[in-house]
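Notes to accompany the following structure.
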């Protein structure tokens, strides 16, 4: 059955499988000391324009968020995130498991804004009981957000400026970074992302890899981060698996190409839904689209296509999610278009 | 350069890569709800003779140890392990990170014995200050151990009996389980392992997989273990990667075949070292061998072969480790034999 | 200077000091095995109508909340509380430090209601992604709340019924329990409180003791709770200090008398503010009153009286807090009345 | 019945109770902002010769150890202690609960030595797998130790030098500091203790207070330590209770006087045991003495006197503990002497 459920439904980009097969019997050291990881690190540093960056390859997104956030925070500190932030809701309390509170502020289509952040930090610092409240020591944003939206360069700069004025750090969750950078209207580049935060990661799992997230510390990693990774159960023995995948993704611009093609497909979806009179819950410029379907529409389409139901609106209609990825072919888009066109009638 | 450094130097067993390629574009749900994982679970339950077992596929060993131990322990409890246990030394404090103390007792070539365990538990329960001491709530053993040794069925039964008499649980770290079950003189089967403990895992990373450890709870998993896995950052989005690997390993007995062949190669190494007058630190019946080399021998061999230096003896000689795996070819054994034979002279 | 800042400004009720002096040189075992603690436990069980209850004496409120919540929750569970709950805001993340998320739902003058709780639990259990969300395993309410309000018996019963229908636990923070039970219109008794929850505590620090909170588990404590208390740094070596204080408070109804007298004084304050045309932010029936003062009023009164500024309203007026306690004398009430009367003009 | 069980059997030094009564109705701010705490801090800074020190008053010993150690360590670090260290055995895993491993090294009568410490740190730093092992980031010693022994100034200096050479910190558990400084042959002063470590605490509970431990950071506290204390449940609302006790203890040298008198009494015990032919397990120069009694002696004395049984020797004799304190009167010493003299015959 046709599926637009998510961007991690298939295996890996074929080039990755090809490279895995080619290098399979090479003997390499474990734990990220292999030549593929070394190469991936160099390629990522170059792509980020950060020759001094520390780069670590971890396995999954929740793991990466918890490990990096824990490493960046002092024991008494918490992390500020949008109420809809992935760490705030959908990670089974992984950050709290590490002992830190997720401090939420209102978001707008998944994004926080510098004014809201500033108001929160000002409130904290002016509260006479502040020492009984968790210290906000880090800001977490996702790029793109859980709703597919992206920050403009100016918006990130404004958030960075607020962070600087309070002397705290900024971390960007880039689980879908490739789709964000390729987002329609995106005016920020990978090197600019790198220059604006203390840590971010380049998502592999959802952008063509079997698994893997590349954490970048543009100004250098926290001391002994390797041990922290091990302590959090996030160190892969066969680090070569991660190294080779990121080496492949950052060779000849594959990572960016995947992003562009998936977003291009998503824009076809967007236009198609709109053309069929189906409204979109959010004006997403990236690979996730959120058409609002009536229950009968959802049922009819659901007979032939898998997608995700995001939430039910008060009027009973359903916000749904259709995601494209590196693996989405034109034939799938066309097939979906035909189905939706029929349903609509 | 020839390498016997460890059993995770190469990629994956070729059948796994083949299957990855064949199934790459199939769309499957994430987080372990894919058909490969379903199939792997069924195959593992069958191989364990545990139709009621809960099976979860995690990514790596330290992660698995910490997640399972944390799930099995109440907050106030600790886990008993040999002083040389992997969780006691080489996991960067991952168990303590979860809030639990590792309570160590003396080991013998990596193994604890039921008498030593009983003595420890008796001491705890008879100490008038015991409520100020961490409650031993679980016993951890590795099979094979970090020194390549294996427990006999009788030894595990005796440990189990002690656990039962104190009402506590038993967890077996099977990071190298395949090599243990194929160990020379091994008199315990996979179903017997399963019947004797509350949880154990079937190591994939070191036995032919790119990554992956299959946790088996023969009597059922702790409540909401899925959420615990997510909370610990151990849930893989593309669970299919793990599912397909274990499906492959447990089809047509591949897992056991890998174990047998690697141990057979290790026995060749053992005989070869002995024949060359090189003593073995431990009489290991599995895929890891620990020849004791003089520094000059180690230097000479080290020019052509990679291996690990385990420790320095008081007399200056070095305990070294040579590991075989699914990937060790006869040519490599022969090449090493030639090198050692020359060095010896 | 006159102070109504809080209910922990003075030392202890004079009877407590008297008893400390009388018993000072008696030699007693440590860690709560002294005769005073034994006696206090019996008196508390009797007052709660719970002959089978387990009673533990801890030192402070945040400590008690974190220790009890951690003991009641499985590792993967979180605790549901009002957005204004003390554990959600003013405990420096002590619950998160123990690894658990505080899941907040909207409150009304500090109280949650059963409908809001039910809606939250229903949402959780119907969300397809629920296993990625923290499991709500316990409900926390405070009696009285941080805003001085109290739940009716029917309201607690309704919350309990929701907890029961989802199979989860209820914990009541009674840091100011004495003032709540004496609250105007309170229709719930101590034995009823005990019968409706899985754990609660009888606050000593704010109700006449130097320190101390008596945790009651009406249906029995979690296994090895003593060790959990020690592990959380909450076990007092000289447990006699806590035992003697609670023995004194629960002899001849002192605890309830303190509550009644302080609330009676607070009602005088309430009437006095109202008579002077000063509105009250919340209709509090307990020992905390929240008059809304203009900035000039606050300044004028503040020259002669200490009180707390709670928050600034959008119109610039200040919500303030005036608290009475066991130590508040009629002379202090009269002095404040005279000051406010003058300021008002 | 006569008791020498421990040094926390009675209430508080009478001067403390007197001061509590005198100041009971004074209204003071909570959480350590009262005038007594302010005064106590100044007196302690002066006694330590550390005008720049940060001083915090916590409630109990295990709580203080866990809170300070957690604040001094980075997330990935562990603390080195003697195998017999209180944090290693008798604190129910409070340090591990905070996520840190206690790394043990052999002790001698409760003390570690600089050579053993150096060997451990050298081993760690030379181990090729060190990044998989917990980083030793802090050294913990107790003064006096759990066996009543004390370090010489030279011994602490040597340990400090090892810490410095590896760039790690030193923390001294002074739960019985008063008895240590008054120990026979003690050649180190309070200011010297302060100058040699990064943090230590002055035990109150066992040296005349109802409760309370004064943590001193001679070079300044970790950032936001107040919030850390709150987060660990270690912040007392009525901080005045702690403040007034330490103010009293550090006025007119009371703390030192208590120490001297208790040690003088302990030396009488030591001489008395020896004179009666009863050997001492350890040559303790402080308030704890460890006579070795036959079982019949222990039984006979135990009929009239409480004391603690420490351990059973292989030959069946019992190591016992007799502790003196601020509350031990000459009459008690004389009574015990008479009893022992009779038993001996």
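Letters A, B, C and D mark the chains as written, and numbering starts fresh at 1 in each.
In the analysis below, contacts are C-beta pairs under 8 Å (C-beta built on N, C-alpha and C of every residue); 3 or more make two chains touch, one makes a residue touch a chain.
Everything numeric here is computed off the predicted structure, so don't read it as measured data.
Q: Using C-alpha centres only, name the chain that sits farthest from chain B.
A: C
Q: Which of the two pairs, A-C or C-D, is linked by more C-beta contacts?
A: Pair with the higher count of C-beta contacts: C-D.
Q: Determine the centre-to-centre distance between chain C and chain D, using the mean Cα coordinates as centres, and give it in whole Å.
A: Distance between chain centres, rounded to whole Å: 34 Å.
Q: On a C-alpha centroid basis, what's the spacing between chain A and chain C, in Å?
A: Computed value for the inter-centroid distance: 42 Å.
Q: By residue number and range, which residues of chain C touch two or more other chains?
A: 75-76, 91-93, 97, 99, 131-132, 134, 227-228, 230-231
Q: For chain D, which residues count as touching chain A in their complex?
A: 70-71, 74-77, 99, 131-132, 134-135, 223-224, 226-228, 230-231
Q: Okay, in this complex, where on chain A does chain B touch?
A: Those residues of chain A that touch chain B are 3, 5-6, 8-12, 14, 17, 20-21, 23-30, 59-64, 66-67, 91-94, 97, 205-206, 210-211, 227-228, 230-238, 240-241, 306, 327.
Q: Which chain A residues qualify as touching chain C in the complex?
A: So the residues of chain A touching chain C come out as 75-76, 78, 89-93, 96-102, 128-129, 131-134, 309.
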